[in-house]
């Protein structure tokens, strides 16, 4: 049923926005992605996740085509399971696995963006729908919404500056929806705390992770070993 | 002679039970003072009050002329005691126990001094044994060592012979006499056995049901001028007739079956026995006691 | 003062020579080693119990299972058990000597009863401190040696707080101080009950009974309990955990310190009061 709906959506949307070709937009964007074989950068991470209090921290990003990505930092931090930094390029570069349509236009950060929907060709794919807001002038993804089977929807906003030629953002804001963590009082052993009124555990709350990048070093022939986690 | 202990009308009640009732007595310095009473007469309660373990409900205790309730701290420096059974820290050696007591008295003993003390109480060679391995008699000796550790002027011993073997009792008696005669210690010796007090003490008080019954010099209290004599005779009628016709009639107190009780001086007893023999009356048994022995026997029999 | 020092030394010697003192040390060491072994083997599974609520959405990066987390778990677990160990020694301090009769020798020395009970109380606190030092060594130093250092992901009823590993040592210092204050209340309560009761078992059992009852009251969010909860010392015994929140609720910690200190003062004052009036009949 879902695939039928998507099929009609595809037909309707392709007939509505026949002026721009999503394939061309993606191809132009992929050209930028293909300029990069690997990169490293400094990252400053800020977290605002419901039920989790965490200080901002610095780290180092490592990326290698097609889908190796890692942030190394001293300490504990949370990253979305579907990491947009890793997924956007690898998803769009795999042009044989999806079909794309433009479902509308929207101005984001003053840029006139086409909303490109990516629909996987295989029903078994983890991805259900990917929406990318791509600048029509200078193809860069300013916003993405990736809906997966297991991890729900991940909404990401990207900001660019001097590394836009490589489609590398200066800042990424990741919006996540999570069930607020609830630890039973007895387990938390908080005898000195009064319990707050219980909230509906099914209501999701919004959280944000902001990653600010600097000091990009591109194509330095990164060793695969940096992606192997120690533990 | 100075007063070592002056107990003035002390009383102690536990709920409705009156353990000590207006008890008074005085111990002079240099005395070996017997504190005699049957079990449960209030001896230990009195001694506990004298050591500050129990607060009197009424009355006052002075030791070396100082009020115990006001100056317990300084008084305790001059007093050593064993109250009831000697209990120690069983998980520690005898030497370590004594070191605790020495430190509590702000004393720094040399190993030689400890050795001398163990020798004095007859525990040489057992210093390093854990106290839990000690017999009651050994604990009693160790108790004496702790009582003497700070060289007190007054030593209060609450039934110290309990648990000692016959040789231990003799050793203790000799030690008490030595401490009194050679070192001039005043000793308060409590017991429920009269002969123990008789053999050791120069003055004594007898208490019963928390009250003083009699107090004085032992030699006076144990006078032989008025002895209680019991003679068991075989021929009852003949014996009564002979006594009624003799000069012993006024000295006869009562007759209970074949047992005749007389009151007379110790010197008269042989003459009385000769009288019955002359009258050809068979004597089955004779015993005699002084007034105090008689009285003490009566109160202990009443207790039991 | 010299006299007090002497009887305090005596009390410390007695504490250190008593076999039961080492039960506490042994229990702490054993429990720590046992839990460390369990976490070493199954730590990730145990952790997933907490992190499963996030696992669909997030990857938790970094070394979560580290010495700081193990110490946090151990302290949270043992703060419930340690009062028993403290009561085992302090609940017996006076009553044990009363029952065995050694109190007679103690009280026929030239020292006031106030000094004696204070010396016993301080010896109890010293033992409590030793317990905490052993816990600190076992739970923090040994855990860090086995599991390494790292950020602490602390768990409370509000959720998770991640405390930076660089910002944690001072928190542990103060946490152990507050834990000491908490156990100091138990030591003082043990001393107090030990002063008013004449056998060694009843004070120990009574201390535990009080802690269990108060803890149960603290666990349930009932309006009638809410009124008395702030006054129960058990409510504040866990306040060391506040140091691992962000921001740290200093006001709450201060209130807990005041309440705990008040209980210590109350119990030790009552101990002195009753002990001075106690007739030694044993």
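Quick notes on this structure:
Each chain carries a letter (A, B and C) given by its place in the written order, and its residues are counted from 1.
Keep in mind that, in the parts below, a contact is a pair of C-beta atoms (placed from the backbone, for glycine too) under 8 Å apart; a residue touches a chain by one contact, two chains touch by 3 or more.
Predicted model only: the values in this text are computed from it and were never measured.
A linear topology is adopted by the chain contact network, the touching chains following one after another without closure. Chain centres defined as mean CA positions place C nearest to the mean of all protein CA atoms. Of all chains, B has its CA centroid at the greatest distance from the CA centroid of subunit A. Across all inter-chain contacts, the pair with the most C-beta pairs is A-C.
If you average the CA atoms of subunit A and of subunit B, the two centres end up 98 Å from each other.
Put simply, the C-alpha centre of subunit A and that of subunit C have 47 angstrom between them.
Once the centre of each chain is set as its mean CA position, subunit B and subunit C turn out to be 51 Å apart.
Subunit C meets subunit A in the complex at residues 50, 53-64, 76, 80, 150-151, 153, 155-162, 164-167, 215, 218-219, 221, 226, 234-239, 241-242, 245-246, 252, 256.
Contacts from subunit B toward subunit C in the complex involve residues 14, 48, 51-55, 73-74, 76-77, 79, 81, 83-85, 87-92, 96, 100-101, 103-106, 146.
The touching residues of subunit C, counted against subunit B in their complex, run 2-3, 6-7, 9-10, 13-14, 17-19, 100-102, 104-112, 277, 279-281. Contacts from subunit A toward subunit C in the complex involve residues 49-55, 57, 71, 73-81, 83, 150-152, 176-195, 231.
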